[in-house]
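Each of the next two complexes has subunit A plus one more chain, namely subunit B in the first and subunit C in the second.
Let's look at the complex of A and B:
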């Protein structure tokens, strides 16, 4: 069994992460999906990533899980580098899990929910007998308040909220330490959404899981995280504790997302800019913003912002 | 213009005693029962409810896109014509030209092998006998209006080259190209982020400015979006209309207990989920269909179903709490 570092050192650490996709979908240019991102996640802490679609939230989440290999930079999970998949021991994999945006895509449509939930247990050979497996899965279903009579159904025979619960159960099966939730509720009703978010929050607090929560809705992001990082064109432009970010947003883009300032819409993909990524749309832009990119810096009290005005 | 009384407004679509049944392997399922509605000229109505409440089915019924195993009874009257009785050739003239439909699945609603400009313009060729050249330039004008830039390039391109937000705008453009009188939009903001939602809101406002007498029926469960655009709100639960209300009074003082709880489950109101499970239309609860989840439920709620009680000109609710 691996030993865990003390609570103060981060469980997941992303150092100078950059991911460049070589083949853009539209114009064939290289696209900087994630650029120079440094991110730390302590044990039991939770961080929300927010930003509009195409800002690189999902890519960053997948890099931190070791699903996508970054172009440069390092991901350390409890000190082990995930960027070289061949050197990653298998037991690391069961310590992290992923909840995708479309739950029905995570499951095999031909399998019953029971088998889908049991799959990670079977892959990692964590169970001795059929009875033990059944016991664990019923316990998991209870944890996520999924009706056990639904376990015999197939994914398309249950509602969106129920399948999302089953996906969460499956993600919890291996007792992960680190979980990435990629917009788990964007396809659900508001009431079901409230239900699932509360469930995730309870699980996080009960099992002491480090959670990376990806959402384009800043209100939901602030409900789920201790900290929020706002992403724009692959960069983190502002990061702070929830209260601080919501009450005193500094970056003009964050102010726009919170509805304080109007955000102009510019269809803006695949353009790798030289200066500030927000230059085109910024209402308070200055001269240096076009030429130089502002660095993420601490403006006091763990409030990081990448803007020349601070 | 919600303060204007019913009589002074022109009714564009009225639905009477609508009932939709599906014949399935497990028997008959009534997905919509006893729906009575009026849509007025020039107003925007948001039809809200959770998934499975029958709101999309209602939209499909109006434009007659239901599958063959559906059995519809009642009347849907548009400009004096009962849409449920007319034959398909007459229906073809109404669909697209008079009543337009923006479907829910953005990804699968555009033809992947046809150029965007052709897909937007074809409705003009069909209904107004435009020449190809003229339809094409109208399509480009619409794309420009909706800020799908560069419009000429996009028109020559195919759906797979567009992002989700752009596809949604293309769909809206092709729906309003023929200048319909009634637009039915099925979940136009599903899966879009906050900034793109604002953009869609602005597009609907633009459409409204261009053609002020256009009526819009927004089928959505995005309450923020409904609040931005709608004049009236209609709430459906388990196949029934349970509340009809003005926008402002709905968001400040909702009538039905379900609406009250629904507003509480918004992120800005603290994300409190509605207790219990959504009612299943295949096996609805007795009496008021919301009573198993309702904090105010009493004996009468379990026994008999409340009628839609008219409180004043613009507000109706189906709840025994409001029965004097």
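Let's look at the complex of A and C:
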């Protein structure tokens, strides 16, 4: 069994990740969902991914979880190669969890909430008896402030916020080291969103879980992460500590997301582009932006930006 | 009781009829008025001794009807079981293993294109036609339709978010198939089971009608075949008790299976429900 107590070794590493989807029967028009992305996530660290719809956030999250195989690049989980989803050892899977965007689709609708929450424990055979299982499930429900009387109900018999709490409880069942939250609050009302975000933050701090938080809302993303990465058309265009990025955004796209600069909305369909992916909308584009794609570079203080202006 | 409440009026009527047919098939030796090999005066009209009269050979028509139910139910149930099992298994594999789907789909296309009855005629020319050969041949074709119907549902369930979540946390493919996908496809599989059973009963009757079965088989199709060989029955009213009952029993049995499967399919997919304005 690998030991995961090094604070300096990245827990999750994505090296030059690219994912191209092909659509169509014969000609297969390619779509670059993720392009040349490098990610390092330390134990207990928290990274938020933000960007418009279709920027590749969910695809990147699933690649790092080993659900989708990248077209090129590598995924390492504490040094273990996760690039091929079919070859990921089961004990590694126990250390990961995933909270999907639609809470009502996160569980089997035919099963009670109790069985859905207990399922990860049953898959990994982590419980000895029914009594032990009941004790663990009730404790998890308490931790996420879920009324235990709801555990006998089915997902369609409870509210969105209650299902999301149950999903979080299920995600915590195996004491994971790495969790991907894919827009966990986008389908909830404002007050429930705040509750769930606070819950996730408390869990992250208490259990020292490495969190990859995905949200199209930059404000929610900044609330959850220590670091924040902005994605556009499959590329990371800016990455920095939350305070630095919110107060001093450098990339024109990030400035647009924060409302500093007015941005004209165009289709979010990620197409191949030779130059900068933001060329068509950028208010400060330059001549090289059309022909060459800017690389992500450190402009000082662990602040990375992919723009020829820096 | 919960299963019964799932069915509508049509389904309940169909279920009662099919259970009645199964009952008379199972209890044939007990409830039948005579032994099926007993011979009486041919073409006797219905009377108190022979409620439905006698046929061209002298068999009691009611006795033949009751024993014919056994053959129909046996063929229907056996064919439906084999077809549904193989079809469901094929659909699960094709739906969950993307790489195998194109190959399996082409195999399904091949089996769906071949017409059943002409193929059975050809087989009968080479093999001794008995009830087990009929079951085997009907099952040989029946599974493809079941697989074709169930496969899209398997793919739909397999692409759901909770399945991706389970794969992420380490659930194997067969765990997901047995614990989640199979229960989700079960209602549709039951509907297909009933429908396939009805088709098999009709196909078996057709085989008997064409005289391709073992002549000693006591089936409704063979009874119709024997009756039609004597064209004299149409010159009098003999056809009403010699031809009518087996056709009526066949029709009622087929209607019952159709009612049940339509009712089940409408419940599974409410968009199939025909609205009355």
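By definition in this document, the second predicted complex is superposed on the first by the 300 of 310 C-alpha atoms of A that agree within 3 Å, B and C clash if a C-alpha of one lies under 4 Å from a C-alpha of the other, contacts with A are read in each partner's own complex, and residues count from 1 in each chain.
What we mean here is this: contacts are C-beta pairs under 8 Å (C-beta built on N, C-alpha and C of every residue); 3 or more make two chains touch, one makes a residue touch a chain.
All values reported here derive from a predicted model rather than from experimental measurement.
Following the overlay on subunit A, give me a clash-or-fit verdict for subunit B and subunit C.
fit
Where does A:52 make contact in the superposed view: on subunit B (first), on subunit C (second), on both, or on neither?
Once the two structures are laid over each other on A, A:52 reaches subunit B alone.
Between subunit B and subunit C, whom does A:189 touch in the aligned arrangement: first, second, both, or neither?
A:189 sits against subunit B, while subunit C stays out of touch.
Identify the partner contact of A:174: answer first if only subunit B is touched, second if only subunit C is, both if each is, neither if none is.
A:174: touches subunit C, not subunit B.
Regarding the shared-chain residue A:202, is it in contact with subunit B (first), subunit C (second), both, or neither?
A:202: touches no partner chain.
Just checking: does A:218 make contact with subunit B only, subunit C only, both, or neither of them? Give me first, second, both or neither.
Only subunit B; A:218 stays clear of subunit C.
Can A:257 be said to touch subunit B (first), subunit C (second), both, or neither?
In the superposition, A:257 contacts subunit B only.
Of subunit B and subunit C, which one contacts the greater number of residues in subunit A?
B
Taking the superposition on A as described, I'd like to know which of subunit B and subunit C A:98 touches: first, second, both or neither.
second
Applying the touch criterion given at the start, work out whether A:159 contacts subunit B, subunit C, both or neither, answering first, second, both or neither.
first
Using only CA atoms and the superposition described at the top, report the least gap between subunit B and subunit C in Å.
Least C-alpha distance after superposition: 13 Å.
Across the two complexes, what residues of subunit A are contacted by subunit B and by subunit C?
Looking at subunit A, the two contact sets are disjoint.
Touching residues of subunit A toward subunit B in the complex: what are they?
25-26, 52-54, 159-160, 186-187, 189-195, 197-198, 216-220, 223, 256-257, 263, 265, 267, 269
Could you pull out which subunit B residues touch subunit A in their complex?
It comes out as residues 50-52, 147-149, 161, 163-166, 190-196, 198-199, 221, 223, 261-262, 265-268, 271-274, 278.
Please give the residue numbers of subunit A that touch subunit C in the complex, ascending.
Listed in rising order, the residues of subunit A that touch subunit C are 62, 65-67, 85, 90, 93-94, 96-98, 100-102, 105-108, 110, 119-120, 123-124, 174.
Going by the contact rule at the top, pick out the subunit C residues touching subunit A in the complex.
It is residues 160-162, 164-171, 175, 180, 183-184 of subunit C that touch subunit A.
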